[in-house]
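Take a look at this one; I'll ask things after.
Labels A, B and C are assigned to the chains in the order they are written; within every chain, residues are numbered from 1.
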Amino acid sequence: MNTNSANLMALAPNTSNKRETVCIFGTGDFGRALGHKMIQCGYSVVYGSRSTQISNLIPKDAEVLSHAEAAQRAVIIIIAIQRQHYNFLTPLAEILHGKVVVDISNNLKLNQYPESNAEYLAQLLPGARVVKAFNTVSAWALQSGALDASRQVLVCGDDMEAKQMVMNIVHALGLTPLDQGSLLAAQEIENYPLQLFPMWKFPVFLSLGLTAFFFFYCLALDVIYTYVYENNNFSFFIAITIPNRVCPVMALILLGLVYLPGVLAAIIQLYRGTKYHRFPDWLDKWMLCRKQLGLIALAFASLHAVFTLVSPIRSFVRWRTSKGIISQALNNKTEPLDTTNAWLSDSYLALGILGFFFFVLVGITSLPSVSNSVNWREFRFVQSKLGYVTLILCTAHTLVYGGKWFLSPSAYRWYLPNIYMLSLVVPCTVLVVKFVLIFPCVDKPLTQIRQGWERNPKSSE
Amino acid sequence: MNTNSANLMALAPNTSNKRETVCIFGTGDFGRALGHKMIQCGYSVVYGSRSTQISNLIPKDAEVLSHAEAAQRAVIIIIAIQRQHYNFLTPLAEILHGKVVVDISNNLKLNQYPESNAEYLAQLLPGARVVKAFNTVSAWALQSGALDASRQVLVCGDDMEAKQMVMNIVHALGLTPLDQGSLLAAQEIENYPLQLFPMWKFPVFLSLGLTAFFFFYCLALDVIYTYVYENNNFSFFIAITIPNRVCPVMALILLGLVYLPGVLAAIIQLYRGTKYHRFPDWLDKWMLCRKQLGLIALAFASLHAVFTLVSPIRSFVRWRTSKGIISQALNNKTEPLDTTNAWLSDSYLALGILGFFFFVLVGITSLPSVSNSVNWREFRFVQSKLGYVTLILCTAHTLVYGGKWFLSPSAYRWYLPNIYMLSLVVPCTVLVVKFVLIFPCVDKPLTQIRQGWERNPKSSE
Amino acid sequence: MNTNSANLMALAPNTSNKRETVCIFGTGDFGRALGHKMIQCGYSVVYGSRSTQISNLIPKDAEVLSHAEAAQRAVIIIIAIQRQHYNFLTPLAEILHGKVVVDISNNLKLNQYPESNAEYLAQLLPGARVVKAFNTVSAWALQSGALDASRQVLVCGDDMEAKQMVMNIVHALGLTPLDQGSLLAAQEIENYPLQLFPMWKFPVFLSLGLTAFFFFYCLALDVIYTYVYENNNFSFFIAITIPNRVCPVMALILLGLVYLPGVLAAIIQLYRGTKYHRFPDWLDKWMLCRKQLGLIALAFASLHAVFTLVSPIRSFVRWRTSKGIISQALNNKTEPLDTTNAWLSDSYLALGILGFFFFVLVGITSLPSVSNSVNWREFRFVQSKLGYVTLILCTAHTLVYGGKWFLSPSAYRWYLPNIYMLSLVVPCTVLVVKFVLIFPCVDKPLTQIRQGWERNPKSSE
């Protein structure tokens, strides 16, 4: 501890002119950007390069030396070269012994190599204290200072002291270091900047596919059918009417799909009588993208809400309304208030509003900062209890809205059901199975299984 | 099972041999789940158990030994047994001397024991380096990998090095360790997973009570009165009309209740002439749940907004509109534009929209990630200044909306005031008192008191 | 007072004897508040003061000694006095040698002194281990416990061990310490609590100015012109009609201004043939406030959405609608559905809804917790790709809405264009230039330049 704190004192002396010297191997774009930034923040920077002639691209205040000379000047050496050239470091192994060697490399593809670049570097330089850092920041962001995005620098390494030294530099550059543990985390850190919403891919493609299907289904029934049989040109339905049919259907189906895997998992566990068998792969993956499915469902529900609210402003709706009123006026009569109709209309609106309200509540708790500030019990309460309340309200909303048309033959154009009937299949299935699962005679064994009890302990060998 | 875990091992391939051995005392559900997860992440796991016969529930790659033997194999010993059985550890005190002993226990009730389990463990094993961790994660979440919820593991302990070792394991399992300081924090950490929105209880029950009261008040005046005296069946008002009367009233009252304690506190401080006396308990508690009251008020305001926007789609409203138009048409006359009416209608809508806008702004800044990124001065600016702007706009919205009915006798059915009149009591009181408090002759002594000045320094002895 | 603090002591009962003694220099408001809080949390507190007579304002359980005596009692000394009195510490330099000296001071203005208070303190006491902390917390918040706002305490210091000791105290007081690195960060930490939304100033003033301009522009064209030439009193347009014209215009212009600097930067880089020249200062500043401009644009867009949705409820709109219907009814005719009109009306509504939807999506990702959980590639995808989709949709929405009036002479009152025409200038410019920039013959050199290539490497010397 004694030498240690003496060391650390030396690293962070009192004023900026006393910042330590950092060596950067490689004068590529990122190496230069990092050097610029470090000089701005008061560090001395020495570049190690094959050709030691000073290029005008390199920051003015930096020196350029051979790799060996540069490495001797500093305790911290940043390797700003690509993995395929790491071999040239082997002869420098002795000079780099005991030094803090920072791997900042990124790959072009996920899991491009069997081991991470940082671990490969550690194998090449067994005596060096390798730290992975800075790969999650872009050169452009470093240089422009326009760090609107994440200022987080993921750092990992096996040597605590070396890691701390690198994290101090990260701090000094105005970034936020996040300690990710030992060098084993390097693979994940290197994959991190290559990802483009990996968890969203399946839910997004599923939604796009379903949306396209329902869109053309509605187009056929509402526009083409009307044009063919009733000779009405309702092509403008494409803009609002059809989207406003597809959105609620998508929202309800996706919301059902959020709760379906949980119900399936319960059935599988009850059937197997144990929780110690893994679920099939597809179910595991499905469960992991429930949050994304739910958020897409919420997006569709929001669009449905706005499309609905906007309807009184639509030219077509205003025309239809005034046509109805004028025909009444011309017939010299006033229709009395139909209380049943008023009840139906108000109930499905109220159910929809409440369902949407709870849906938004559940959505807000899935914001990272909110879900981090609740404990496991509270999170389950919101996501499970309030989620089922949402599902029940939204299903009821759809049932009340379209209930009267189930038995009407005019709802079956070309013998096809209206799409809101299709939308009810998944949520109703989930709700019925869930209703069965909360019966005590089913719930009790399920709870036991989830607490670790097994029906046939021997048979699971 | 076998191929399965082999599969998972392959994910962290040539690295597993680097991880240290961890000992787990207890083969209950959480102990097994934790062991499974640790083996997956490359640790060797040794179970300490009373019966050393290998159960098929225990992960395949783990050994099961007696407690004493298991403890000797590892530096880190995780105690996955319940507090009431901690006594059996006393004879092992010598073996556990200097070891890192991790307490992962939870209680069934808040503050069940005088001292936390971890502190009790530290008393039993004076030589051990006790660390509290993992109690905030559920076994189910660990096993299913479906960690949608918080990945945060709260860690505390008196020994820095021991704590760091445990935090490294937490990292390796893909969770986020949060250092909570010394073992004194264990009580709070053990209470944490037992809480179910503790700060929300009072505001939620208060709102439910008030909502029920106002709902039945409206039901009596709007549905029952109309049915009795006018013989109109407006029972469908229950779905939207009455909720849309109750919601704004609740929003306004709760918003007033957010600012009332601040005003009361100022009065008490002015009266006492010092800030060094504690406020009464009820006021302290009230002040601590202002954020929750405000968010519930925002929820009611949002519902009010949607209920209002939905009104032109309602069957009843469309019927009423067309009835009005038809009666004009049948009388062959067109009413001229009433400019006063247009002014009133547009003003209360505009005031409501602006009030709601500022309300949402204040709500957004209470998101944890937003309020963490502003400083104290900015937070006070938003919550206090913008909050009062919201309160003023919403009160004005209500006054303009209902002003014309204050003097109209028909507004007093059964001699009871309309509920929007009741809703104005709290916010108007707050605004009037606040208005008095910002007068310089009142504001100056208050500011002095808040900076530490006392009117009667001697009398406060 | 006595019973009171005894009460609070009981909350952390048998643990208080474990905490160390802390010395506080200065008995001002913040010193007393901090002392109170520390005693509550189990620390022993010794005050160092010029006059050692016990004032009744000082917490009962604290001792008051001379500075020298008090400093000898504790390892940690908190300096709760103002910078201008730091001189008196010079004679104590020897006693404070090796001690942890905590600077908690704040200044009255940003960058009031050339060096930070903590660095000045470190110069005065070369042997002391100076740590900056607690200046971001208010005395009022510490005392009232009403820490709704940020619980973050920014800590910096050169001595790791000293910093850790202070961070332990911060934890013990229920606050969250954030390690900001070495003492060089002190200047920034001291400036932090003085800021009032520094990044928001320019965007807010710009928006206010533009809003005022467009408001009076509309007032002239819509209210005054109508009053003068058509003798109609449409003064009530001030409440909703005119705001609902200004809001979309502001939203579109500000959204254009978010993407304009990026386009300008690309042109400058193409012209210069290098990225290693700094942009002009105004462009740098503009780029740094793009997020704020975008959020203000989103606020205007939201207001526009609500103002539009509310329109069917407006007294004026209902009067206009019924007037139209009645005149049709009195003429005994029904207008047929105008399909072109229905198409136009539905398209601009649909475009507006989709544009707003993407706008909100982009807005959500700028929440700190969301943008921290995405990587650089994902952030750029959302902010750049989805942002341009938003801009295209919103521009199209405006074009379809007002397209028919471009050629109509009645749209040019007083020979001035309608404001939605003005609003199209900035976004259309951005879109046209961006369209040119994505042509391969322009995009390729730009990409090369951004990767570090230079057209005239020598000339940049």
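Here, a contact is a pair of C-beta atoms (placed from the backbone, for glycine too) under 8 Å apart; a residue touches a chain by one contact, two chains touch by 3 or more.
It should be emphasised that the depicted structure is a prediction, and the values quoted were computed from it without experimental measurement.
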Report, in degrees rounded to the nearest 5, the angle of the rotation taking chain B onto chain C when the C-alpha atoms are fitted.
-> 120
At the chain A/chain B interface, shared numbers over all numbers used: above half (same) or below half (different)?
-> different
For chain A and chain B, let me know how many angstrom lie between their CA-based centres, rounded off.
-> 23
In chain A, which residues are in touch with two or more of the other chains?
-> 309, 312, 325, 329, 367-370, 372
Touching chain A in the complex, chain B uses residues 1, 4, 12-15, 18, 28-29, 32, 42, 56-57, 136-138, 140-141, 143-146, 148-150, 152, 164, 168, 171-172, 192-197, 233, 235-236, 239-241, 243, 299, 302-303, 306-307, 309-310, 312-316, 318-319, 322-323, 325-327, 329-330, 367-370, 372
Using the touch rule from the top, collect the residues of chain C that touch chain A in their complex.
-> 119, 122-123, 158-161, 179-185, 275-276, 284, 287-288, 290-291, 305, 308-309, 311-312, 321, 324-325, 328-329, 332, 334-335, 337-339, 341-347, 349-350, 353, 356-357, 361, 366-381, 383, 450-452, 454, 457-458, 460-461
